[in-house]
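Each of the next two complexes has chain A plus one more chain, namely chain B in the first and chain C in the second.
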Partner chain A sequence: MNTTASGFRRTTLWLGLAGLLAFFIADISITTRDPGMELERISSGFISPDFFATEQIGSALGYTLSFAIQGVVLGFTCGFLLALLWRWRIVRAFSATIRAVHELFWGLLFLQVFGLSALTGLLAIAIPYSGIFAKVFGEFLEEADRAPALALTPRSDAFSVFLYARLPLVWQHMKTYGAYRLECAVRASAILGFIGLPTIGFHLETAFRQGDYSSGAALLYLFLGIILSIRWWFRPSLLPLWIAAALLWAPPRANYTEGALNRFFTEDIIPAPMRQHDWQWHQLTDWLSMLGQEQILPGLGNTLILGTAAMLLTGIIALVLFPLISSQFGNRFSRAGGHGLLVIFRTLPEFLLAFVFVLLLGPSMLPGILALALHTGAIVAHLSGRFTDSLTLRSDASGGLNRYAFEVLPRIYPNFLAFLLYRWEIIMRETAILGILGITTLGFYIDSAFSELRIDRAVVLIAAGVALNLLVDRISRSLRSHLRLRNALADQS
Partner chain B sequence: MNKRFMAAMAVLCTAFSIAACSPSSEEKPVLIFSAIPDQDEARLMTRFNKVANYLSDTLDVEVRYVPVKSYSASVTAFRNNEIQLAWFGGLSGVQATQLVPGSYAIAQGVEDPQYVSYFIAHADTGLQPSEYFPEGIEGRSFTFGSKSSTSGRLMPEFFLREHYGKSPEEIFSRVGFSGDHSATIALVQSGAYEVGALSYQVWDRELAEGKVDPDKVRVIWTTPPYPDYHWVIRGDVEQKFGEGFADKVRQALLELDDRDVLDTFPREKFIPASNDDFLPILETARSLGLMD
Partner chain C sequence: MFQFNQHALKRQGVTVLQSLNLNIQQGEKVALLGASGAGKSTLLEALRLQKPDQVAWCPQQGALVPMLSVFHNIYMGALEHHSALYNLINLIRPLRREFEAVTQLATELGISEKLRTSVDHLSGGQAQRTALGRALFSQRPVLLADEPVSSVDEHHAQSLLMLALARHDTAVVALHDRQLALNCCDRIIGLKDGQIVIDGASNQLSKHDLDILYRRP
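Now for the complex of A and B:
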């Protein structure tokens, strides 16, 4: 039978099979022998955080917030401008491309030209965020009601029509989404510390890598504190003040050396064989096929396997966890606990989760899969759980497991699936970070290329990553539109 | 609304203009240096500010230290003239001198011409300390340190290839990069990897500090010696700080005898060095395909 429900069942079946296949192929062996001592040190670190061990912690916090605020504001503005041109395919392709590259890799690229500077931090966030904002705003505008604009007299100029009849319909959504993105940007800004920018991630990564868990725990608590308190210190009316403070703390200037930009485009990113005067085409094709066979293919394969396995686990975790915060289940206290749990899991950087899991389980894909799935699972559980609050059940509806299986789940399943499919692309992108930890996704090879100072290879590898992301985006979008999930998603964001 | 908007705009404009014309420190040349982050990274600033103060007093110019996150970041900063002087490892040093024409090695630690790596193994493997290349490590899991580390990657990989005639991926069941010497110890100690390779200095320090459990992890082999860390300076510092400046820096380093400052590295003292001292490293890096 070809009913709506059967469509969902079939899609779920295929996604589940893909995930199982990925788990089957993936290397998920547990090789560790005795993690006891390390575990003990980690937990004693978390019990006795040392807030004074880190040098310049205040300045690190300042930079973390400055890059995030400047990046979101610039990204919001550019994304809005791109969204105005959303009907052009080239604009959509451009936005999709710039957001497919992870902030870390934008950062590493700008590092080559602008050095360790505030401008590098700002652009590394603003560029991918422009692409994300463009997509979201573009879809807001596309789906907004056109009736008010059509009701105006035909003589009205385009600008007025937009300002009075189009923009007001979506402005509130845009503001809400912008505020949500600020939280993501603080996280991204912290992560940029991993590549050397002076944000909190710089010290966080060092502390964990060096086994200095007391100061690591302190930094993590601070980081969680900032993220959780955003809604108190960040209000739209205070935005100009925050922007001013961010600009004063970290003026977006480059550490630019004469000729660095020129060198980057005419030397660094030119494939190595082409830099000789009398290069031949076959040298270039040899170079490309070496890169393809030794790095791109294994990297893409592992990224796809890890990402797909993580997607399945994300779905399972989200289905198990969402009742924790749903008003249809439990009581006030269980929900408060559930909220706390989900917030912690979705705020903890995947990198740290993966790092701890590697110590506990040994180096395989398992730590990466678990880290990504816990993080993303908490996000999907949060979104799905919140959605259940708007359901009205009959007063004699069954309770417990029956309520879960027969009342709530069927009603939110389309939304759950939409969130999951939407997150799939993001999971793929986030595997980049795991590469830096040594799990051989594409990110691993990109990180190697940068550490060997071979920017030409890095650029080719990043391009391969973009292609994979665009493909996944394509599949997820056609699945969503096949299941008519698009509107459901827009309602949520 | 309008008033608030105007006020907001005023604040923004002021911020922009201050941000745009805040004074840049161009008037007096500042010598900026860095060091690859190889150990005790939490206190980089405290440690290296001592070095900055010493150089500043001796050279009579302002000297500043900037921390970097990774070996490659220090080379990139050196290449971009963000730093003019750097304490590099063997591999990062030759990467830097290759990328920046006219830059050269000026000094190295007295220990550095004879640097070694340790191969360490988890006790459960049953591998015993050996004077010769350790038999029985093939087929196990193995971790290097940072991808650009000389003692944690380059030289261990060289000795492995020399002995087996194949790549680490072919020798071992699993090959990883812990990213750091300390992380290598933690990973082998927890048994996540069975065997690892790292700088002897980090091992000795962590053992002395009691961070290593000798019942769980032990040294099984000491590699033959090779040249490692050294100071590299950009050739164009002479234009900025005057004729003979590089020699003055070299002299300042060679004359350094303050224990407290030397412990930063940690080195007994510094001795002269030249680019040629590190040719073996350059050749090794090329033969492993890490450099073109």
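Now for the complex of A and C:
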């Protein structure tokens, strides 16, 4: 068949084969003794949440929001400044690099210098977010109509031209995107608790690890409540108030010991063999090849395997779930239920889901795959389902499975693929940090290096992670443009 | 077969046709004429709703799935005749029996070489032939079609329309080509300003009589 649909099918076949191969290689064993019983205990915790068990619940909430708000504001500002220089290649490369490192890894790095402090929490969010904001704002400005600026008299100064004829065109989009990013930052801030910062994640981890599922569930509900109610408590007009409150609650101070910064740059991150007085090149290459063979290659390999397997499962989950919220299927009540289900999995960070699944199933790749696929699958299902609402089918279109297979799926498939491939990069980025939970992806080796205070190794491993991220970004982009999915993605926003 | 008594037809909340009185008997071949916006599509939709199970439907909007092959788009007319599983198998891998049946119809419609091509690679005329093919493949007694041959060249339009009309017991077809309507149908209904202003046998009407439908006040 020489049809557009058969082109989609070929791509799907290759992606599916890659996913199956990954599943085949992946270690998906269950290593806990009795996952059924643990699940029962967790479920009973969720039925009877205990909101008064954690004493510092209020302060945890305060820190979570403070880091998120400060981080987004600083990231927004820096990202905007970078976006002004977007036509410079070096700026684009710099932004791509800083956003390729996950918030948690930034957190681990700053922990070495600024200790457990508000400054660490703030920078861990602000730095990768600067890179993300830079990219998005840079593209906004690139795509904005230039005609208003060109119409001004040539002698107007550049600053005024920008202020009057460029910024107004993108300002609304920037605000909307900033609000969306705040939601992401609250999630990231909560997760930072897993490396010791006093946010919700810290107490969540403690509660779950101690088997105190009732207070764990309470924290999780609270977390969900905060994120889902964001549009009511966060309004642009209240921003100055929120910033002031965040600065008061967690002034960005470092827990700094004299000379830590100096030591970090002149000692800690210098590869171990180079620290000796009379080091030789071959020692450095031996060190690098040791690191490559023992940690980078297995770490990267596992990250790639887990991420690819998760992508396959994400696609399947999304294809099964999107009809739940699509106006082409079901009725008002089924859609309300579908939205409810998808919102929960979209809102819970994949890292948190993975944490719970690791408790249940043990640290194989299975919990990681499940967590990533559920979270991302819900996002892709949401985007695809919303896209189906814009379709106009003929009035005698069939129903049920026929409608799904013949009318809806062929029409949304390019968009579905675009969403999935776009999310693939994000899956890879998240896969790396699952190592902190004991799953042997790259993050496992990074986390171990940090806990052994081998910062030199951690930095090299993080750099390897950046390289993988940039590579996946490149592949995903060329796949999308090969499939001419560029425009399909535009519908996402 | 179809009946309207003092019926008002609305489209998106706006009344398009007021106090409509209309009877269509079994066996009639009716052409629906009128300037664009006169309410032809609205009337067709109302007719379809009266006998949804007997109607072979050939609309203007969303008629075809662009990514699927001509074969699949024609086959979609017969989805209800088979189980969902059978349809799914045939979607993934065309079944021989269905392919032969569709090929036969496509040959008559002049698109047999395009069966394996997706609709987004077709010309407007070829896409219309496909849409008509789907209606014919549904094997229902009443054809309701909205401008089914508007993109086909004049010469082929007539034979194609004749073919479609011959396969159905009763038909109501919205057209803009007055000569084509007079040649192919035995009854003409003309819509203007929310009302039926012409209703008569085509052998008693001339092209000139139909001009008032398109005249501006």
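Quick note on the criterion: the second predicted complex is superposed on the first by the 456 of 493 C-alpha atoms of A that agree within 3 Å, B and C clash if a C-alpha of one lies under 4 Å from a C-alpha of the other, contacts with A are read in each partner's own complex, and residues count from 1 in each chain.
In this section, contacts are C-beta pairs under 8 Å (C-beta built on N, C-alpha and C of every residue); 3 or more make two chains touch, one makes a residue touch a chain.
In this text, all values refer to a predicted model and were calculated from it rather than measured experimentally.
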More chain A residues in contact [chain B versus chain C]: B
Which of chain B and chain C A:Gly400 touches, first, second, both or neither: second
Touched partner set for A:Ser384, first chain B, second chain C, both or neither: neither
First, second, both or neither for A:Tyr413, with chain B first and chain C second: second
Touching partner for A:Ala5 - first (chain B), second (chain C), both, neither: second
Shared chain A surface residues [contacts with chain B and with chain C]: none
Chain A residues touching chain B - in the complex, by the definition given at the top: 31-35, 37-38, 53-56, 111-112, 115-116, 193-196, 202-203, 205-207, 209-212, 215, 237, 239-241, 243-245, 247-248, 251-253, 255, 257, 260, 272, 358-364, 436-438, 447-448, 450-454
Partner chain A, residues of chain C touching it in the complex: 45, 48, 52, 55, 57, 59, 61-63, 65-69, 72, 76, 79-80, 84, 87-88, 91, 94, 116-118, 120-121
Residue ranges of chain A touching chain C (in the complex, touch as defined): 1-6, 8, 391-398, 400-402, 405-407, 410-411, 413
Of chain B, residues touching chain A in the complex: 4, 7-9, 11-12, 14-16, 18-20, 22, 24, 37, 40-46, 66-73, 75-77, 80-82, 95, 99, 122, 124, 141, 143, 146-148, 174, 176-180, 182-183, 186-187, 189-193, 211, 213, 216, 290-292
